[in-house]
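In what follows, subunit A forms one complex with subunit B and a second complex with subunit C.
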Partner chain A sequence: MAAEPHSIPHRVTGWVQQRIEAVGAALLAGSAAVRELWLVYIATWAGVARRASRRRVPQGRQGRPGQARGAIVHQLYWIGNRSIVFIAVTLGFLGMVMAYEACLQLSRVTGDFSQVGSQLLRLDVSDFAPTLTALMLATRVGAGIAAEIGSMKVTEQIDALRMSGVLPIDYLIVPRFIASLIMTLALTVLGGVVMYAAGGLTAKYSFGVNPHVFFDASMVRGRHVALLIVKAAAYGAAIPVVAGFCGLRARGSSEGVGWATTAAVIGGSFAVLVLDFLLSAAALVVFGGDL
Partner chain B sequence: MTAPRDGFIAGIGASAVAVAQEVGGIVLLTAAVARALVPPRIDGRELWKSLYKMGNRSVPIVVLTALFAGGLMTLQAGPFVKKFGATALAGWGAGYAVLRELGPILIGLMFSGRVGANNTAELSTMTVTEQLDGLRALAIDPVQFLVVPRVIAMMTTLVALTAIGDLVALIGAAIVGRVMLGIEWSTMYHGFVDNLRPFDFLHGIYKAIAFGGAIAVSSCYFGVTVRGGAVGVGRAVNHAVVAAAISILLLDFFLTYLTG
Partner chain C sequence: MTEPAAFIEYRAVAKAFGDQPVLRDMSLAIRRGEVMYIIGTSGVGKSVTIKLLIGLLRIDRGEIWFDGRRIDQLAERALVPLRKRIGMVFQSSTLFDSMTLAENVALPLRKHQRLAWPAALDEARRRLAQVYMAEHAERYPAELSDGMRKRAAIARTLALDPEVVLFDEPTTGLDPVSARRIDRLIRELASGLGVTAVVVSHDPPSIFGTADRVALLYQGAVHALAAPADLRASPDPIVQQFITGQSSGPMETPGF
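== the complex of A and B ==
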């Protein structure tokens, strides 16, 4: 503030200070949000553990507060079955585009299509199928969860849950978390199959690639499948936690719900990209050129 | 939107009708926007405000997304580089994928999440609090006053953001190539410059124009047609991002296919 007010016009220093303050405030808010998000994640695992241990009580005290009956099945249906068409359509088109671009490049350079199918399958399994499916789910499922929990928050239903001695995370996030873990993997497999099949059809009808040459799994190793499972699990865990966190932070009225939904889509997509980057980099370090 | 429980076929029919209604509504809104543009009377202040809010405020998220997208594409080329020492290939593959497909798609999806969803939330809040009816009572056309500036602003800003994002993604690809794979900066630079043509960049840019239009019209449609209070707003935002994601991928395929 006192940095030579005579040599630099005061307006400029004020402006610079404002900018620096804005960046600092954004960083502080960001780190606080990440810390809270981490706490919600831990609390979710704790809720999963509580749920699992409660099941072992022989009398089967189901239906007690904090454990809605059939909540997981309902969420499995809502997250999984209701997303099938969406995932199939979007990943189908992505697969067509990717096969088209790959063949187009090859036709410009070598014109040798014998490797394109097996390499695409390797990329699909180790990266594109889980990541693109999760990006789509972050949009659809993440926005849905945040909208639902956010509207419960602004209509004070979350407070009502707390009043009745129910932990909102156990009651709302844990069923979605478990359902998302299962269904992200299932939808990844579905999306990958649709994507590869659509790519094969495109390669056949646009570039005349023989399907026998295209559908070739010789490049896929066990480590690629392991990478698919790890990635799908990581994304499946991240999406509902981020979305639930955004929903629980909703404030105000309808505008707050809108904000929460927006934040869930951005946060979920970004979490998927960051996790993909970390996991791909780790796999490259571990396996090196054999990946 | 929930399908009736009494039959599988009936459920399919109901969702087909719902989808047709939404597509029809979006097309009608597009026509209304086009008609409002014929003598171009655009509210300058609203346009300026939207440009700032949608463009400048989205730069951080676009830059972060693009950095990761570029880095990811280099990582995918990593095994080839390590196995065959094909360092020139990394720049070619990463640059090509980023400029033509991944850059516009990822930036479009992020833009749809940040700007499109926000726009739906804002417009739908205005709708449920009857502010649109207020505008109509003052003889102000909501499409002209609210929708048209947003559509123009989104198309403009998405093109600008894609151009910025492409550059950042190439930088991200070069950084990851240097750090993870030990590719020299100059090798990466020549990989980009020798193999990528201006048309590859333009391919991404005109995709961005189409994506911007699709995101804008669908987000405005779901904002204007919302019903019910806070629950309705949440659902409208949800529908808007889903519709934007589907239309981005559909348009991407057709634009790639038609223009090569």
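== the complex of A and C ==
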């Protein structure tokens, strides 16, 4: 009976214990980070509410630097307008690849292209347009936000803001959050249109699919459009919060800013994919086979 | 219980970063209206000490009292009124680089005193004129020299008429003439306006020319607390090593 525990050498159990402790420590750090991220998200919504309640009081002092409306307009331009070409080009190429692949497979199996356009549009609306747009924005917008806030953090400008009576989340994340919510939806629509148009042209010139057959919205239902809006809003909310959170956690010097930027791109993309999974699963549960 | 004589009081404060302890058992009482210098080698926790006071960093153990009230447990939003009374001049000036000098000085006025932007900007220009920076009010921090940025940062801090000003190495990186001007300004704030100044420094002319009292931090605690003249005369070998700047001696400095 006593022989059993002694049959495993002591250094093996020590090694196993070390591994378990290392995994445990990583899990604890990870769950603490997720909790902090969640607190930043809540604080961002609180900041949005504070901003909205302040806006009702007419102050006659709009349009100054650091002022609510000025900051949001600036971020709308930075996140939205400056991403138009990037989103159009990337989603255009993805649309071409997808239409080509779909037609290629169909030509090998049935050769019937009558459904390809309407099915692709359904997929574009309910998933590809919001998710691919957000993945692209997570890189461009997330990196920019994390680098800016991260460099403010390591140069003590965040501390100086706090000393100036400013809540950093209200001042730095909230304008980006509001702008990102609006612009992710706008760019999703743009990206979806470009993607579908590029797909239609590819189908016509590569496989001779008649555009009248391809451009067919008969499969798209209200629930698909609703899913597009919900997904775009969820992604638009997640990207600036994850990036701002990474920026605020930057430590040290330029190396810390680099870390924050990388973490923001990885974390933002990951958040988009996780949200995509959760929202798609929820939609399946709600709508069942009708989706 | 609370000692009424102390305006600011650290009681057995401990602070660690990860598993790296910085302050272990730091107690220090600062009187109203005095110029207190906190000195010590790099990395000993001088800047940490003043950042703990205004909640930019949180203590792990101990208590911090300000004006008869315990402040180390206040939430971020409860600290906002405190940060109006206690100003801080950061080590590298730390102006907001996306704003002009006038906007930099106007931001705390707008947030803490609820001034509208035009009024805050007017007040900011007046404050900048007091430190001879009026003609640079519309320029950005990146266009200016270190000394000019420091003056603007001081104007930003003093714009709120704080009762306490924390200076994080105010003379580091400045030429001797600018450095002595900063020293004189700190002295004038205390003597003329009754402002309490807590200055982190390792610049001997600044320490011995300006301080009322000096606290030497060593190994996470206050090792010596004395008036500058008494500190000079102290027989303590660690104090002597620091103020005479000897590379060898009893002082153990981490990592160097």
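We take it that the second predicted complex is superposed on the first by the 271 of 291 C-alpha atoms of A that agree within 3 Å, B and C clash if a C-alpha of one lies under 4 Å from a C-alpha of the other, contacts with A are read in each partner's own complex, and residues count from 1 in each chain.
Note that contacts are C-beta pairs under 8 Å (C-beta built on N, C-alpha and C of every residue); 3 or more make two chains touch, one makes a residue touch a chain.
Worth saying up front: this structure is predicted, and the values here are computed from it rather than measured.
Undergrad: Quick one: is A:D170 in contact with subunit B, with subunit C, with both, or with neither? Answer first, second, both or neither.
TA: The answer is neither, since A:D170 touches no partner chain.
Undergrad: Does subunit B (first) or subunit C (second) touch A:S254, or do both, or does neither?
TA: In the superposition, A:S254 touches subunit B alone.
Undergrad: In the superposed model, does subunit B or subunit C contact more residues of subunit A?
TA: B
Undergrad: Now for A:D124: first (subunit B), second (subunit C), both, or neither, which partner does it touch?
TA: It touches nothing on subunit B or subunit C.
Undergrad: Just checking: does A:E156 make contact with subunit B only, subunit C only, both, or neither of them? Give me first, second, both or neither.
TA: A:E156 contacts subunit C only, not subunit B.
Undergrad: Touch test for A:I266: subunit B only (first), subunit C only (second), both, or neither?
TA: first
Undergrad: For subunit A, which residues lie in the overlap of the subunit B contacts and the subunit C contacts?
TA: Common interface on subunit A, subunit B vs subunit C: 155.
Undergrad: Spell out the residues on subunit B that touch subunit A in their complex, using ranges where they run on.
TA: Listed in rising order, the residues of subunit B that touch subunit A are 61, 64-65, 68-69, 71-72, 75-76, 78-79, 81-83, 96-97, 100-101, 106, 109-110, 112-114, 117-118, 120-122, 124-125, 128-129, 180, 229-235, 237-238, 241-242, 245-246, 249-250, 252-253, 256-257, 260.
Undergrad: What does subunit C use to touch subunit A in their complex?
TA: Contact set of subunit C toward subunit A: 51, 54, 56, 76-77, 79-80, 83-84, 87-88, 90-92, 94-99, 103, 107-108, 110-112, 116-118, 156-157.
Undergrad: Mind listing the subunit A positions that touch subunit C in their complex?
TA: Contact set of subunit A toward subunit C: 59-61, 64-67, 155-157, 159-167.
Undergrad: Flag every residue of subunit A that touches subunit B in the complex, lowest number first.
TA: Within the complex, subunit A touches subunit B at residues 86, 89-90, 93-94, 96-98, 100-101, 104-105, 123, 127, 135-136, 139-140, 143-144, 146-148, 150-151, 154-155, 206, 253-262, 265-266, 269-270, 273-274, 276-277, 280-281, 284-285, 287-291.
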